[in-house]
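Per-chain numbering from 1; labels A, B, C and D assigned in written order.
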């Protein structure tokens, strides 16, 4: 069989059992090896991604990007790594040492912890728990906590301001994100990630495009990069909550940000793009792993593309987008999907009719929401900025 | 079932230990020349004045508060979404009523201007 | 053996962190110790085979309540400083009362013979939970939403700054 | 070997007592709220322990625990809003100094 991963697992298991280890210890060692492998792959991906991202950014902005270290600058990340590992730590005077040092580790750990429950292929699943979706949401809480810790302990006004802004934004956008996540849960009747992946016939992006859109927007905000990079708006807040961090402690926040973006790609893949499924993925589990990482990388690049193209939005616009648009729309969408799904379950419909109805309904809600939002927006605009002739200076009565 | 959680426990330990090692490594190999100048708090080059722990807007608190309420709502909705397939069709209506009541809260907050950034 | 070790660690973390919460001089540090105590309780829930409650504990207590408390402390910053005495005059009586209560509770816990059943927990507790929530407990389910609405409206009215 | 129910109950009793001490000994209103949170957590441990050992097939214990979460959240939201409102008006949240009704 081409089941390479289980082959290796069984080989290690038999080897350990052959050495006289007990079954419990063998299981423990296998689990430890598995988790170390997943974590290491995450780090390896980030090292590659930093180069990819910089090259892509350069190309999109009509520059070369890194091109000195090695062919096409592919060793740039390694040069950066050597630099950052040999950099001195500067702890600001008056910092609260304990919280200050825990924060970067916690920020990284909270992103890594999400990877514990991912299904990588048909039989390569992390922890296939019944509360997988909620676990993913819950673990994110530690990231928010890490930001608060960093901001408070740095003894710096900019860091504290940046942290409180970041947290306000993160918790605001978590609401539409979680409500959008309810839609795949509702459609697959399970919070188990493996069940959600296998229930996607066709992919949920076709059944629930609106939920996918809302989830993507709000999790892009959760990443905290452009166009939602208000937390480190250089011109206003210096560098946000990690202003006072240097060397590898800053590096941890930086790496966590990159990994978070890739993790968001993986989450969108799992919930809306069918996870590891693809041609021949059931027979050849190794293909499933490739599909999973490939799709995640694709989403990652799309997110990068979007954020390299759009300017930063203002904080009031951003909060308005969330509270006045995303949250109401996600609620309406959830209710509509729940009713439609349950009602159509009563009749035995062909799958394609079901998908078509769902897709049409989603599109209608999106259209209606945009129409209403546009109308409100125009009303607000007219009130605040009444139109006036172009050639007349302000203050002069044009009539 | 607990086996999975053991894996998660191990994973969490690994997820904390690996960044910890990465953060501790420079302590061994990086130079260390602390000076009072270097450790000054950064504030665009000028000296920092006054209490650093500035008081910030209560608007942030309002956001956190609404977030808490909706978080609680979500924990009711997840079991609802999971069990919906095996419940009578009336259960959808119950869930919708639940959502509608809280949606009224959101509308109220919006009307009161509690969500606006001033 | 493994569950007992994990139980011991979780109990130790929970109780140690809880003690730090009530005795720490810096109220903000108390809040972060509170997070640790919540995390310890969450791992106890996992050991009790209630994973849903465990993740909800993390989601609600750490993800929302702890953050709300930290925000409130930052908003009322003067009390966050170390120089304010955080303990009142009758703390010694409070300590004795709490210790007495613990002794009484401990005595009850050990003297009662708890009627334990040996049924195992069903595989998928969440589906059952959802079904019970929407059939047996449907009235509390709706009332919970009214309670949340009341809390939302009430705290917005109280907490908002008046112009 | 399974863990006996007494151990969980003992941990919950300890947590409850610590929380009670916090409520009684803190001068700071937010500190008191933290103590109450600890006590509510102790209650929840008991609920889940009894659910696990007495009636694991039905979900009554878990449902109760969820309602305790709800009440705890509502209590924190309103309680902290009150604390902030008092702080804004009286510039203190030391409980002994909030004694308008005494005078």
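Here are some notes:
By definition in this document, a contact is a pair of C-beta atoms (placed from the backbone, for glycine too) under 8 Å apart; a residue touches a chain by one contact, two chains touch by 3 or more.
None of the values given here were measured: they were computed from a predicted structure.
Counting C-beta pairs in contact across A-B and across B-C gives the higher total for A-B. Chain centres here are Cα averages; for subunit A and subunit B they lie 14 Å apart. One simple way to say how far apart two chains are is to compare their mean CA positions; for subunit B and subunit C this gives 17 Å. Distance between chain centres (mean CA atoms), subunit A to subunit D: 34 Å.
Averaged C-alpha coordinates give centres for subunit A and subunit C that are 29 Å from one another. Touching of two or more other chains is recorded for residues 1, 5-6, 53-54, 56, 58, 60-61, 64-69, 71-72, 74-76, 78, 81-84, 86, 91, 95 of subunit B.
Taken residue by residue, subunit A touches two or more other chains at 129, 134-135, 137, 152, 160, 164, 167, 171, 189, 191, whereas all remaining positions touch fewer.
Annotation for subunit C: residues 2-3, 47, 49, 51-52, 56, 59-60, 63-65, 67-68, 71-72, 74-75, 121, 123, 125-129, 133, 144, 148, 151-152, 155-156, 159, 161 touch two or more other chains. Viewed as a contact network, the protein chains fit none of the simple shapes, being neither a path, a ring, a star nor fully connected. By the touch criterion given at the top, residues 2-3, 6, 43, 46-47, 49, 51-52, 56, 59-60, 63-65, 67-68, 71-72, 74-75, 77, 80, 121, 123, 126-131, 133-135, 138, 141-142, 144-146, 148-149, 151-153, 155-156, 159-161 of subunit C touch subunit B in their complex. The residues of subunit D lying in touch with subunit C in their complex are 1-3, 5-11, 13-22, 24-28, 30-31, 33-35, 37-38, 41, 44-45, 48-49, 51-60, 62-63, 65-67, 69-74, 76-78, 80-85, 87-88, 91-96. Within the complex formed with subunit B, the subunit A residues making contact are 27-28, 31-32, 34-36, 38-40, 43, 84-94, 101, 104-105, 108-109, 112-113, 115-117, 126-129, 133-135, 137, 152, 154-158, 160-161, 164, 167-168, 171-172, 174-175, 178-179, 182, 185-186, 189-191, 238, 243-244, 247-249, 251-252, 315-316, 319-320, 323-324, 327-328, 331, 334-335, 338-339, 341-343, 345-346.
Remark: subunit B residues 1, 3-8, 10-12, 14-16, 18-20, 22-23, 25-27, 29-34, 36, 38-44, 48, 52-54, 56, 59-60, 63-64, 66-67, 70-71, 74-75, 77-78, 81-86, 89, 91-92, 95-96, 99, 103, 106, 110, 115-117 touch subunit A in the complex.
On the subunit D side of its complex with subunit B, the touching residues are 66, 69-70, 73, 76-77, 80-81, 84.
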